[in-house]
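Listed after this line are the structures, all set down as structure tokens.
Shared chain: subunit A. Partners: subunit B in the first complex, subunit C in the second.
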Partner chain A sequence: MKKSKLITLIAFVIILIGAIPMILPFVWMVSTSFKSLSDTMVFPPDFFPKTIRWENYTELFSLVPIKDWFLNSIFLSVMNSIGVIVSSSLVAFGFVALNFKLKDFLFTLLLVTMMIPFEAVMIPQYILFNFFGWINTLYPLWVPSFFGAAYMIFFVRQFFKTISTSYIDAAKVDGANYWQIFYKIFIPLSYPVLVTVGLLTFINTWNYFLGPLIYLNTPSKMTIVSGLSFLSGQALGYWNYIMAGSTLAILPVIVLFLIAQKWIISGIELQGGIK
Partner chain B sequence: MNKKEGLFGYIFISPWIIGLLVFTIGPIVFSFALIFSSWNLIGPLKFVGLENIWNILHSTFFWSALRNTAFFTLYVPISVILSLIVAVLMNRIPGSSIFRLIYFLPSVTPAVANAAVWIWLLQPSYGVVDNALKNWFNIEGPGWFSDPNLYIPTLMMISIWGSIGYNSILFTAGLKSIDKSIYEAAYLDGSNSISTFFRITVPLISPTIFFVTVTSVIWSFQVFDLAYMTNNGVTSYYNITLVQYIYQLGFQYFHIGEASALAWILTGIIFLITLFELQAEKKLVFYQ
Partner chain C sequence: MKFRFMSIFLVLLLSFAISITAFGKTNITFMVWGNIFEIQAYQKMVDKFNQSQKDIFVSLQSTSWGAYFQTLQNRIAANNAPDVFVMDGAYFDNFAKEGVFYNLTNLMKSVNLNEYYFEPTVCEYNGIVYGAPKDITIGGILYYNKNLFDKAGLSYPNWDWTWQDWLDAAKKLTNIDANKWGMYIPTYGEGGLYQIIWEAGGDILNSSKTQFTLTNPDTLKGLQFMYDVRYKYYVNPSESYMQGLSDPFMTGNFGTVLGISSSIVGYKSLPFKWGIAPIPKGPAGRYMSINQLSYVVSAQSKNIQADWEFIKFLIGPEGQKIMAENGQAIPALKSVVPVYFDNFPQASGLLDILNRSNEDPSILRDIPFTLSWYEWENMLESTLEYAWTNTMSPERAASIAQQSCQKILDRALK
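Presenting the complex of A and B:
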């Protein structure tokens, strides 16, 4: 017994030491965000700011349109979450509860499209949205989500498959139509999975960089992430401002993660379980 | 199967069908035509045959990008091993939920913000890491991002840091699914922790190890955010990655044809890796 306690202690110490480099960059980020510019260049660096300089944040709001970035990011994350939840549950329901001729073929096609990397369609999609006149608007970054994300459709379908077909048969006997079976049986039974899908989509959209970088050119149209990249080019050397921007970019996802970690982690675990 | 049910089936999946045609198949067909064309988005489209592919294969940038990206991918096995160790250790200790949270932080925050803080930490001379090296070990900090030999290893280090939390959650889920009685049997047979780990844990979660490795390798071939941030948009032979080269060709120089050709080469590479890994799966993975 003594030996196993020792092993636990060693495990604890290793995990504790490993946790330091995991969290320290974020502590340093927040600490720098409250320093004056001269404090950021002190040798050796102070771990905590001498005086808390809140002005970094207020000045940031007047230097760059960070309020717009925030609103754009929130808008896109919410729209993508709604779009993915609505479209993936509809499509997954079609694949699980209904029979039609091309079902197996189309489902195989769905699996194939999951393997296509974004880069393969990035350029022609840009040309398409350019044709629509959507460059420098938010449309290319949320409209496609309402037409289904292959991966999330597959994810929701895996859950829908666990819902017993006897529910469907019973509902049919009671005279329910497909639409009612969908939103009165499948949706209430699977809302945990749909919440998880929404949360994962929200975080992925919030963190997404390449799309906003390609489509959004004027500063006021940017998202918090593409804006942060813009800011770090504009404020070269002003690490207090850049770190204040970074803190604002990470804060919402960290808060969301703290509130909803059970859902998010169970979603990630499920992804690992899909084979 | 009745007619009405069939019709409703198509209605329910219609959003995906429309999306597939408009946002995936249409673009893919068009993109295939672009491989053989010269176009700058505005002027007329000109057929040039295999010239784009020829240009790509004869560009030093392409080969450096391929080499850099392939080298970068080597962070995956390191991250997988570390994540597995973290998951196994966390399984044993009290307070693991708070540690799990800490380890997971870099996986949930935007890569762009992570890159920003690492650039700041690794600033030459006045960055905190170089300062610590100087004060504690009297080592002169290297050019983390500016030394051509160190650039990719630095990105690998940041990616390992950013992926351990996520991967170890997947491994924790894998560990949970192992039947506890197998461990008890091993314990009664006098197996020690190390041999239990290699003889029982690793084979039993090999499907998860495989899944994590495959998805991570595919992601790592598509590395962009970190690369874009850390070389400040100024790319050179030593620091360009494949997706960044596509971005540069397509959206900075508007060589749409060449960018499309390169995108297809990358897609081909990813398909080959997937095929190779599926073959390897048969030999290496143990399914219960």
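Presenting the complex of A and C:
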């Protein structure tokens, strides 16, 4: 008994030490968001602001169209989550339940696309979306998600593979077609993993920095994360406002994570469908 | 097939006709980079222009500084370049060589360039004018902290100061235990490196801008000075100390800092008193740099006449005045320059520098922009860093810089 308490204590200390470097930037961000601009430049830096400056937050709302940015971010994150859940689960189902020529080859090809960095396809993609007339609109930032996301397809497929094929056979015997097998058997069994996929997509989209900067060229159309870059220029960054904006920007993600934490964990535990 | 082609053609024709008849205005796009304050000032200029025009409508498109050139390259590749945009010297030559800009030589003949600060390095390529002057940035000016000078009982820097006076004052201002430093000479070209090299009698490139001259003895004298203030006199912190300090002057810990004039915007509400003086005189004279941004027209633009009307407004008294009033940049039109300084009484020392340069233009020299400047400037900074961190002597760092930069330039000029 005594021994296990000691182990718990040691584990706690180790975790605490590990947590410090992770929590420090967060504390720094919140602390800087209350400083005046000149206080952000003090060296050696003060960890806590000399005087708390709440005005950074109120001024931020008049300086930049932050409400628009939030709405854009929410719209894009929701649309991408829906798009990725729908498309990835359908494609993953195809790879698991159907048998067709070149199935393995196509799957490998899909995995290969994961290895191409965005920078390499950026210009061809831009030319394509420009051809559609989508520049300076939000379309390039959410429509592609309805055509699948390689990593998420892989993720869902791995889960689908753990669902026994006897389900498919049994359903076929009962006269179900593939569509019915998909939404009556696979989807209900996969809620946890689909929620995880949606959540990861939501967070990824929320934090997506480069895309909005490339495709949008009106400040009011920006997302919250990319829009904040308009507060730093060539010569000077308004770090107090940037940090205030960043603090606001991560709040929805933290709240969402706290709500969905249960789902993510059960997504890992509930692997499989048949006992 | 033929029918399909015809129908596409008709649709295009129809949409073209609609866009002309329904709106009756020529639409042009104007792309800029900037932070939110700069973009607001641009918006004011665009609004003012649009109000004054019956036939032209300008729409402003903006990105942040970090995304600007990538976005521009994408748009040029997609044949969707903005009609008018802002250009920086760092990329000017490369873009001009690629044929990105419309040739403005004939149109610019109607502009009296004597009324402007006009930098051929940022407006011309191979003798062809592609850019109209937007603003100016003076590099290598001496910002000084009046509070620290008063506390040390020193008189403020002035036009008589030499490197020796500077060094003497810096020694008195430095108190390492109290984290107070007498000076800081930035290690990037425009901020201080070029000017110190010029003042020592050296140069970065030869006069035809084909060969680097970093190992020439006079250039080395300048580098040696920058090394000595760090590791012989200890009045300038080492470069490893400077890591993570985005703007040393704003900390209030530095008596004098060389820098560029665009930093003034951030100094408006500093909690200490400050002023601007010219760079102290070196063995070979006094040299600061003059740099500029320009307005250019895309070679892909379909409405050159409208673009030019807009540029005439931007570089005319009205456009320049809006830019100056918003404290965004020092206008290139000389008669409007004082408007900018109404905003910044503490920066009157800079106005003094500009006034003197009108009598003696030799004190302001051009930034040595070439093809691939951004590439070799990067290399120059990172190789000379060996000297500033005291891992190498200035001579050795300079000879490495010489070789590496020359390789980049040779490749660019090929």
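The rule is short, and it goes like this: the second predicted complex is superposed on the first by the 207 of 275 C-alpha atoms of A that agree within 3 Å, B and C clash if a C-alpha of one lies under 4 Å from a C-alpha of the other, contacts with A are read in each partner's own complex, and residues count from 1 in each chain.
Methods note: a residue touches a chain if its C-beta (ideal position, glycine included) is under 8 Å from a C-beta of that chain, and two chains touch if they have at least 3 such contacts.
Only a predicted model underlies this, so the values are computations on that prediction, with no experimental measurement involved.
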| item | value |
| --- | --- |
| First, second, both or neither for A:Ile123, with subunit B first and subunit C second | both |
| Partner chain in contact with A:Pro44 - subunit B first, subunit C second, else both or neither | both |
| Which superposed partner A:Ser232 touches (first subunit B, second subunit C, both, neither) | both |
| Partner chain(s) touched by A:Phe75 [first = subunit B, second = subunit C, both, neither] | neither |
| Partner chain in contact with A:Leu63 - subunit B first, subunit C second, else both or neither | second |
| Subunit B versus subunit C as contact partner of A:Ile214, first or second or both or neither | both |
| Partner chain(s) touched by A:Tyr167 [first = subunit B, second = subunit C, both, neither] | neither |
| When both partners are placed on the shared chain, which of subunit B and subunit C touches more of subunit A | B |
| Contact residues common to both interfaces of subunit A (with subunit B and with subunit C) | 41, 43-44, 122-123, 126-127, 130, 210, 213-214, 229, 232-233 |
| Subunit A to subunit B touching residues, read off their complex | 7-8, 11-12, 14-16, 18-19, 21-23, 25-26, 28-29, 32, 41, 43-45, 87, 90-91, 93-95, 98-101, 103, 106, 109-110, 113, 115-128, 130, 144, 146-148, 150, 153, 178, 182, 203, 206-207, 209-210, 213-214, 224-226, 228-229, 232-233, 239, 242-243, 245-246, 249-250, 253-254, 257-258, 261, 264-265, 268-269, 271-273, 275 |
| Parts of subunit C lying in touch with subunit A, wherever the complex brings them together | 31, 33-36, 38-39, 60-67, 70-71, 73-75, 77-80, 179, 245-248, 250-253, 260, 262-263, 265-266, 269-271 |
| Subunit A-touching residues of subunit B, taken from the complex the two chains share | 1, 5-13, 15-20, 22-24, 26-28, 30-31, 34, 41, 86, 89-90, 92-96, 99-106, 108-114, 116-121, 123, 126, 128, 131, 135, 161, 164-166, 169-170, 172-174, 177, 193, 207-208, 211-212, 218, 222, 224-225, 228-229, 232-233, 243, 246-247, 250-251, 256, 259-260, 263-264, 266-267, 270-271, 274 |
| Touching residues on subunit A, where the partner in the complex is subunit C | 37-38, 41-44, 63-64, 122-123, 126-127, 130-131, 135-136, 210, 213-214, 217-219, 229-238 |
